[in-house]
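Both complexes below contain chain A, partnered by chain B and then by chain C.
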Partner chain A sequence: MSIATFLQTLVFGLFTGGIYGVAAIGLALVFGVMKMLNIAHGELVMLGGYVSFWVFSAYGMDPFISLLIVIPALFILGLILDRSVYRHIVRLLGEEKIKNSMLVSFGLTLVLQNLAQWLFTADERSIQVAYAGDGFNIFGVLLPYTRLATLAIALVAILGLNYFLHKTYPGKAILATAEDFESAELAGININRIYMMTFALGASLAAIAGTFVTVTYGLSPSIGIIWTLKALIVIVLAGTGSILGAFPAGILLGVVEALSGAFVNPSYREVIGLVIFILVLIVRPQGLFARR
Partner chain B sequence: MKTTLQSKSASRFLAWAGLILLVLFALYYPKSVDKQNIWNLFFLICLQITLGQSWNILGGFAGQTSLGHAAFFGIGALVTRTLWLNGQPFLLAFALGGLTSVVFALVIGLPTFRLRGAYFAIGTLGVAEVMRITVGQNVPYISTMPGLMIANYDLPARYHLALGLAIATVATAYLLLRSPWSLGILAVREDEEAAQATGVHVLRHKLLALALSSLFTGLAGGTFAYQQISYYPSAPFSPAWTFDALLITFIGGQGTLMGPVIGAIFFVVVREKLSVNLVDVHQVIFGILFILIVLIFPGGLVEAWERLKKLIFRKEEKHVPISQ
Partner chain C sequence: MTNFLVIENINAAYGDIQTLWDVSLQVKQGEIVALIGPNGAGKTTLMRLIAGLHKPMSGTVHLADVPLHALPAYDIAKQGVILVPEGRRLFGGMTVLDNLELGAYSRRAREARFKTMARVFELFPILEERQRQYANTMSGGQQQMLAIGRAMMGLPKLLMLDEPSLGLAPLIVENIFEIIKLMNDQGVTIFLVEQNARKALELANRAYILEQGRVVGTGTGRELLQNDEVRQAYLGLAPAAVK
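The block that comes next holds the complex of A and B.
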């Protein structure tokens, strides 16, 4: 393998990892603050992808500009889901809460996937922009514009989230609730509103990931569970309770997957994530979920 | 949650009589009708009883949520089908399918059960999905029985295997509940730390429940591989199988012995009805039903029946002084 091919693989792993990171950080946010595991997160990614696909095919809007519509749309869907479903679980305690959130969101996965199949058919769709094939060529390493745009927007979203969580009042309230919801409530924070906002934010991040998936790969109603799984592996990999740590972990998974796909048989690429998951548990089990 | 089997001897006698009647019905009714769709319906019910009950042994009794029973089902189907179609005797292939599924389950269970919380659920979900994708990529062609096998295809034999397996699974769950192991397993579900403190070996009990659960799920996969004339090798790994097991257990009543049996009969019959009229949305309806049961009525049909019984019983008590 030449150096250029190696670098190319590395770069594409980086791009893919950026999408994993955005998908995982939404899940990590919901888990870190609400202490719920939302298995239906991948379905939100899928729905976000469909919104961007329909905006593109109906109005010809560039997928990266259509984020201005996709993000609010999923934000509202997040509010609705929180009010109708997750509101009933978030007040449970400890193990019971995690278990019920997994069960309910697993059921929701089925509902959303089949609804999407019914409404949008099972056809595989994707967005092909006019500049899809173009890009920079640096010493034989191709950097497509679409991929660069996804990584740039991902970075902006993560930095924006970082600023929001650490510098603004509602963001600090979210972090306080994550730390200790009882004290947060005593300090006058309306934690129901915080939970609602957190879930909607998680859905918005899933919307960004969904748009990226539609531009880079393809979209079909059944992709949800795959993205849930990627996000879960990234979270386990990220370990500590850090919500923003999911982004670098996502990049790491993307790079490792790309390299292993290049060196090992590509059809076993999916196994790598799972092997990492189990290895992390054996060697370094103090993951995200260990936090009380 | 009702898991104790203590009740009056009369009601126990009734339960046994009902159970024997049910088995006799399952044995003789399909034979008397002898139509292919009836054989298939009964086959499906038995397969789903096995799936539901084995999920229940792990999720309902030991309290360990698995989101990837499709992994065990699929591995059982894959191993059984491959060995069997390559000339091994079916029973050998069947047993090896079940055992392989146990080995896989323990590989996930050993590292994840040491930790609390959701790791085991994620691990099983991951194995199921990764296996589905990897099998789909490496064995993409439909697996069909050879012509001679199709010519001698014997559906009642398939059904009797499924029936036997369903009875064996329910009997195992019953014996498990009567055994000294059950106290440890139920204690792990109720409060892991308290169980540990009183000297229960938590990991060992979890692994026992997992081994039994994955064994019967794997054997159910083998039965599926034995019955289907042709299917895509990745189909048994579909998350729909996990969901069926979850739904059946929760409809019937998780943590109860008869819950999965009642749930499976209800689920398969209602699904057959719904899929005729509402082809596209019947999965959505089941999904919503499942969410509602988990949120509002986690006891399922068994608890509904217990409440109803209590209601009637209390009414009778009130009526006694009036009638005297």
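The block that comes next holds the complex of A and C.
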């Protein structure tokens, strides 16, 4: 294998990993702050993809510009889902909360899947922009514009989230609630509002991931569970205590999958990703990026 | 002095077990009131209940005329009723500065946060030195100072402390109690739970004794220090000499 092929594989792994990272970080945020597992996170990715597809096919809007519509749309959907469903679960404690969150959100995946099928049919969709095939060619390594754009936007989103969480008052309140929700309440933080905002933020990140999926792969009502599982693997890799660590962990998984697809056998792509996952659990069960 | 915090006929349960039975007590403005009693008497439950983390089955809690029992915990904090919880419960993965800033989350406190922080640093210079350090990397004494500092950031009218001396070296305990006294001199009403009954009674204007979820005695700190039952049960002393 030539160096160019190796680099090409690496670069595509990086691109894919960026999407994994964005998909995972939304789930990690909700899990880390609300301590509940939202199985329907992948469905939010899927719905984000459909909003993007719909705006593209109805108005011809570029998918990267339509993020300005897709993100707020999913933010609002996140608020609605939190008020109607998750608000009742987040109050529960410990094991009861995690179990109920899984049951209820699994139910919600079925509802959202069927809703999507009814609204958009089960046909596979994707967005083909005019510049889909174009890109830079650097020493035989192809860097498509669409893929570069996804990675750049992913980085901006993650850096923005990092800034918001660590440098602003509401962001710090989210982290404080994640650390100790009772202490947060004692400090005068309205944790119900924090939970609502956190869930809506998670849904917004899913919207970004969904747009990327629609541009780079394809979209159908059933893709949700794949992305939930991917995101789950990534957040366990990162360590469940590390919200922002989900992004580098996503990149890592993307690269490992791409390289093993190229060097071992394409059909073992995901298997080797899972082997790495199990190795990390054995060697460093707290995750790669968790402190302590 | 008028009654400030008024607790009337509180019954509360923890799961299926009733932990507080018809508890009534008052704290007047400007007082230091201590709550003493054995482990499991319900002292922490009562503190958490006033702060809104735990809801009563029946009974009322008023601050001035505000019904605290009807408010969520974050609103109670906004009223200036601040609890330093047992075990400190800091935001361990965050810096000293973040912990202090978060203590001033409510609007009233946030507007004054720079001024308040200067006061906190004056009382606890170590917190200013360590402001970039993560809270969970500090010693127990420093963590307790940070917990009190974080509470001060919320501009307390009534400061509640649950076991402030727990697990601390005697010298640090001395220091913490001095600061509680100082805050009281500056107008903050204090309600504290303490295992160290002697220290608590020496500091407090008045105290209540809670046993098995019931108030079984009350008096001034001095009276209780002389009370034979208290001396035997809580201070490990012989009965007071007969005058």
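Please note the rule applied: the second predicted complex is superposed on the first by the 284 of 292 C-alpha atoms of A that agree within 3 Å, B and C clash if a C-alpha of one lies under 4 Å from a C-alpha of the other, contacts with A are read in each partner's own complex, and residues count from 1 in each chain.
The definition used in the following text is that a contact is a pair of C-beta atoms (placed from the backbone, for glycine too) under 8 Å apart; a residue touches a chain by one contact, two chains touch by 3 or more.
Owing to the predicted nature of the structure, the values given are computational and were not obtained by experimental measurement.
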item	value
Three-chain arrangement built on chain A, chain B and chain C clash or fit	fit
First, second, both or neither for A:I278, with chain B first and chain C second	first
Touched partner set for A:S183, first chain B, second chain C, both or neither	second
Chain B versus chain C as contact partner of A:N114, first or second or both or neither	first
Between chain B and chain C, more extensive residue contact with chain A	B
Three-chain overlay, vertex chain A: chain B-chain C angle, C-alpha, nearest 10 degrees	90
Partner chain(s) touched by A:I191 [first = chain B, second = chain C, both, neither]	second
Partner chain in contact with A:M34 - chain B first, chain C second, else both or neither	neither
Contacts of A:K172 with chain B and chain C, given as first, second, both or neither	second
Which of chain B and chain C A:V22 touches, first, second, both or neither	neither
Nearest-approach distance, in Å, of chain C Cα atoms to those of chain B in the combined model	15
List of chain A residues in touch with chain B within their complex	37, 39, 85, 88-89, 95, 98-100, 102-104, 106-111, 114-115, 117-118, 225-226, 228-229, 232-233, 236, 267-268, 270-271, 273-274, 277-278, 281-282, 285, 287, 289-290
Sites on chain A touched by chain C in the complex	169, 172-173, 175-176, 179-180, 182-191, 291
Sites on chain B touched by chain A in the complex	63, 65, 67, 107-108, 111-112, 114-119, 121-123, 125-127, 129-130, 133-134, 137-138, 239-240, 242-243, 246, 250, 280-281, 283-284, 286-288, 290-291, 294-295
Chain C residues touching chain A - in the complex, by the definition given at the top	51-53, 72-74, 77-78, 82-83, 85, 89-94, 98, 101-103, 105-106, 109-110, 150, 154
